[in-house]
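First chain A sits with chain B, and in the next complex the same chain sits with chain C.
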Partner chain A sequence: MTRVAGLLVVCTLMLTAAPKTWADDKCFSCHQSLGDRASELFPRDVHRLKGITCAGCHGGNAGIEDMEQAMSKAAGFLGVPKGDEISRACAKCHSSAERMKQYGSSLATGQLEQLQASVHGNLAASGKEHIAQCSTCHNAHGIASVKSAWSPVHPSQLVKTCTRCHANATLMRTYNPSLPVDQLEKYRTSVHGIRHSRGDAKVAECASCHGSHDIRTAKDVKSTVYPTNLPATCAACHSRADYMKEYRIPVDQFEKFSKSVHGVALLQKHDLAAPACNDCHGNHGAAPPGIASVSNVCGTCHALNADLFSASPHKKAFDERKLPECETCHGNHEIIVATNKLLGVASDAVCSRCHSETQNVKGYVVARSMRALIDSLEQGERQAVTLVEGAEQKGMEISEAKFKLRDARQARLEARTMIHSFSSERFEEVVGKGLNVASAVSVEAHEALDEYVFRRIGLGVATLVITVLVISLYLFIRRLERRS
Partner chain B sequence: MWKRLYDWIDQRVQLGGLMEFMGKKYVPIHAHSVWYYFGGVSLFLFIIQVVTGILLLLYYKGSEELAFESIQFIMSKVKFGWLIRSIHSWTANLFILTSMIHMFSVYFARAYRKPREITWVTGMLMFFLALAFGFSGYLLPWNELAFFATKVGTDIPGVIPVIGKPIMVFLRGGEDVTGATLSRFFGFHVAVFPAIFTVILGIHLLLVQRQGMSEPMNAEANPHTEKKTMPFFPNFLLRDLLLWLIVLNLLAVLAVFFPWELGQKADPFAPAPAGIKPEWYFLFMFQTLKYIPGKVLFLDGEILGVLLFGFAGLLWTLVPFWDRKSNRGERNRFVTYLGLFAVIYIMILTIIGWVA
Partner chain C sequence: MIAWLAAVVYPILAYLAPPKQGEVEVKSVKAGKVKDIEKDSGTIVRFGNKPVILIRRADGEFAAFSATCTHLDCTVQYRKDLGVIWCACHNGKYDLTGRNIDGPPPRPLDAFRVVVQGDDVLISRKA
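What follows is the complex of A and B.
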């Protein structure tokens, strides 16, 4: 209650007892004569420029020369706010749209609420206050507009401000021991970081991706860097043609990614195992993967495919021609579902880009035979599925054959992976395995369908026999009863 | 050759007396004679259950890990296994249906009246055992529906105060439906129930043979009118046989056109599938329990339902002892109305339960 009353007094004094000129600000003139740091920074403070005196935050009466009177409780003096009192003192104006309007500010008024809902709004290790107060990032005296280059939250300064805590392993261990503290180091290696160090304030810094007051942990579904939100966060800059114009890079990545197999899985099916932008480009160290490292990037998930490719004859050929490995056939942001169409020698097959009947003939022959094999496997599997479904619809117990179909599907998936070995022998072996399973399933399904027919014929015969017996018995009973 | 064989047996076990008894046994012929056949059909269906049950036993494995797979094996690999299993399942249902028809026909004809009280009581005991056969056999394939239906079914006696919990634990072989419940139900289904059933069936058949078929009350009331009869042997028996053949054919048609499904293997950790229902013959009780409010006066609704059905079953079983009017040969309208109410109630609630 005392604090609330104190704040009310401060507000009243601030509005009614504010000195008309800076010379009338007795707090400032006295502290300036003492030469302290606060009074050294305060003259360029955005608040002072708007006419707010020391009493605006600290209370008291800035118009009275007598120190004891000016800093008395009766004058509403609060002293130096500590802990959460700091943010509350700021919120006094910054959470009031009316007050902000008086100062001609169009700043949003929900910062404190956002801050308290953010990860920094959690309780500090001391248990007495929230982790971050307004002054943690904006400083206390000498607060500058975010547009001002010497503000600690100006894009050019922000990285330094955030890393004051985030690069401090001892401090971070107190809150989240698993959170890395090398973000700055990585950032300096990223395209964003390199440009930033050259003075480019347009490139992404911490707040560009994580937000400012409302920063949430990356595991929080509302976080701007949560996997399903991240592509949109990146696209906020990378899809803006006007913004990206000077960098001369495409701006259709998000559009392409959204349609890709990865984008559909992540954005539509919310499959968190699917990659977002950072899974291929890195996050703090974001950069386009170089030609040499494309297969390593894809290989982090598609490990088997990458291994097979590295051991294949294509590895050397691609390296010599400086072709990016996976990307050459599958593309990058627009990777679509790999179908059999990619394989073979038809005009829409990727193999035909390098292999033809006259050029690189060996590869042409292998691609043609591989395509024929995988088509036959797919056809065999399809036929087996149709037969099993037919038998099942007829009420036949065929669960074992149905279960075996998984092996045929597995073999097809293995075969698709084995394509990356570009070895006819290894490919044939896997396809053969699948064809055998599909054929065994088809045989079982055929047997079930034959059994279905047999059952009906059997029932017909049994019904005939029983009918004959029933009629005979009926006639016998009639004869017997007539006789008696 | 038949004569020589008969003589050979006759010399050793004196068949003469039995043949003479059989020769003198007559079945009354009247407007309601058709109902006599349902006892015979029920007996025939029971015999089919015994035979097909023994055949299934050759391959069935009564354990949590193997029960489902063994039925799957019977259905897909064993020659005619599908037929045997489907016939066993269909017969189980038809057996309960014909037993019900037989029971109600005896009830409405007042055939339970003196001197056939014991025949009625043994019949009722067999009917309850048939329900127990159905309930225990339903779990044996260890599929999803059976698992959850058994869970719900064994929960019901658990609500009875004092004795309910021990009964539930005894039925389940523990607190929950597990592999122990399956082993227990298997034991009941193939050993305990058949043994008791056979003894009661023996007494029931012996009494039927000894006392003959009951005549309708109005026939007894006019002893001077000429009574039409038919020799039990061979006439009635041959007619029985004719009906049995038709029923056998019906079973074959059902087994071929509507093979009994196996469903999904039970997974105790999976959530219960929507719309779990018991077998049709328990539906009227299940549906009734749904309609009883949670609390009736000081009694829990479910307890009240269980006690009501227990009381109704007891009253029904003891009808020969409280229906004194019928014993005296007088018409008892109350018994008729009670029977009609029971039939209509069971039919309506079963239909509602089925459609719901």
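What follows is the complex of A and C.
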């Protein structure tokens, strides 16, 4: 209650006791004569330019010459705000749309609420205040408009401002010892960071991805950098043709990614193991992976495929032609589910882009044979599944064979991985394993179906015999009755 | 006559065209004898129509998980050399608590309960 009353006094004084000219701002005049840092910065402060005096934040009466009176409790003097008092002092105006309107500002008014809900709104190590106050990023007496190049939150300055804390390992350790402190170092190596250092204020800096007042941890589902939100965050710039025009790069990455196997898994199935933009491009050090590193990047998840490829004859061929390894066959942003269609020598098979009956013939032969083998395995598996399901439906005990079917499916999946070895022998070995299983299962299912037919014939014969017997018995009894 | 038809013909027809039956739910299976299961090993055990991997850690403790990889349903196996549960299809790895630690698996393996009764090792579903 006292606090509310205090704020009301301050607000009233701020509006009524504002001096008509800056010479009348006694607080400022006196402090300027002392040559302190605050009065040195304040003349260019955006608030002063709007007519707000020292009393606007510190309370007191800037129009009274007498220092005792001007800085008395009766005059509503608050002194130097500390901790959370700082943000509360700012929020007196910045949380009030009406007050902001009086100063001709159209700024949003929810900053304090957003700040308090953000990761910076957690309690500081002291336990007495929140981690960040308004002044932590905006400064105190020389506050400039965000659009001003000398504002610490202007895109050109923000990276420096954030890293004042975030590159300080000692400070960050007190809050989150596992949080990296090398973001700036990585950022400088990124395409964003390199352009930023050349003075490009359009490229992404910290706030572009993390937000400003409402920054949340990357593990927070509401965070703009939470895996399922990140593609949309990147797309906020990268899908805008007008914004990206001068960089001459495509703007359909998000559209393609959303349709890709990775995008569907991440955005529709919310599978957090699926990659978002940063998993391939990096986050603070974001850049397109170089041709030589594509397989390493994909290999962070698809390790076996990458290992097999690296040991295959294709590795050398791709290196010589400077082809990006996985990307050449699978694409990049629009990676679709890999089906057998990719393999072989048909016109829609990726192998046929380089291999034909006249060009790179060995690969053509291998691709054709691999496709035939995997098709036969798929067909064998399908046939075995149909037979097992048929036998099961007919009530036959076939669970053992059904269990074995898993091995045929597994062999098919392993074979698809083994394609990346581009070795006929290794491929045949895996496919052969699957074909054997499919064949054995089919035999068992056939036996079960034969048994089913045998049982039905037996049933028919038994039913016929019983029926004939019953009818004969009936006729015999009737004849006995007639005789008697 | 109607009674005869009901008693004879209906069972025959029902036998010839049986209704679809759901899989019988298995509550628990006996995985083997403690003395037969080596320390630092993994065994695939059939649990109904699904495989379960029974792990005996180096310290002798047992643990069991669904042996179906959470990525694309391949059957996982124990890799003694790596000390992990491993999927041969895409190199997915799980630690010995079933947690996915590497590769494409999106989530951990479902855990089963292991009870040692005398010398028998029994696996059952967790409640």
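We adopt the following convention: the second predicted complex is superposed on the first by the 456 of 484 C-alpha atoms of A that agree within 3 Å, B and C clash if a C-alpha of one lies under 4 Å from a C-alpha of the other, contacts with A are read in each partner's own complex, and residues count from 1 in each chain.
Heads up, the rule we're going with is that a contact is a pair of C-beta atoms (placed from the backbone, for glycine too) under 8 Å apart; a residue touches a chain by one contact, two chains touch by 3 or more.
This is a predicted model, so every value here is computed, not measured.
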Original post:
Touching A:F476 in the superposition: chain B (first), chain C (second), both, neither?
Top reply: first
Original post:
What is the contact status of A:R99 with respect to chain B (first) and chain C (second): first, second, both, or neither?
Top reply: neither
Original post:
Counting only touches as set out at the top, which of chain B and chain C does A:H138 meet: first, second, both, neither?
Top reply: neither
Original post:
With the two structures laid over each other on chain A, which partner does A:I398 touch: chain B (first), chain C (second), both, or neither?
Top reply: first
Original post:
Between chain B (first) and chain C (second), which does A:R456 come into contact with in this model arrangement: first, second, both, or neither?
Top reply: both
**OP:** Give one of first, second, both or neither to describe whether A:H446 is in contact with chain B, with chain C, with both, or with none.
**Re:** neither
Subject >> Intersection of the chain A residues that touch chain B with those that touch chain C >> reply: 395, 399, 456, 459, 463, 467
Original post:
If you look only at chain A, which of its residues touch chain B in the complex?
Top reply: 395-400, 455-456, 458-459, 462-463, 466-467, 469-470, 473-474, 476-477, 480-481, 484
Original post:
Can you name the residues of chain A that touch chain C in the complex?
Top reply: 265, 271-274, 301-305, 307, 393-395, 399, 402-403, 406-407, 409-410, 413-414, 417, 456, 459, 463, 467
Original post:
Considering the complex alone, what residue numbers of chain C touch chain A?
Top reply: 8, 12, 15-16, 18, 20-21, 46, 48-49, 51, 72-75, 88-91, 100, 102-107
**OP:** Please name which positions on chain B make contact with chain A in the complex.
**Re:** 72, 75-76, 82-83, 230-231, 234-235, 238-239, 241-242, 245-246, 248-249, 252-253, 256, 258-259, 261-262
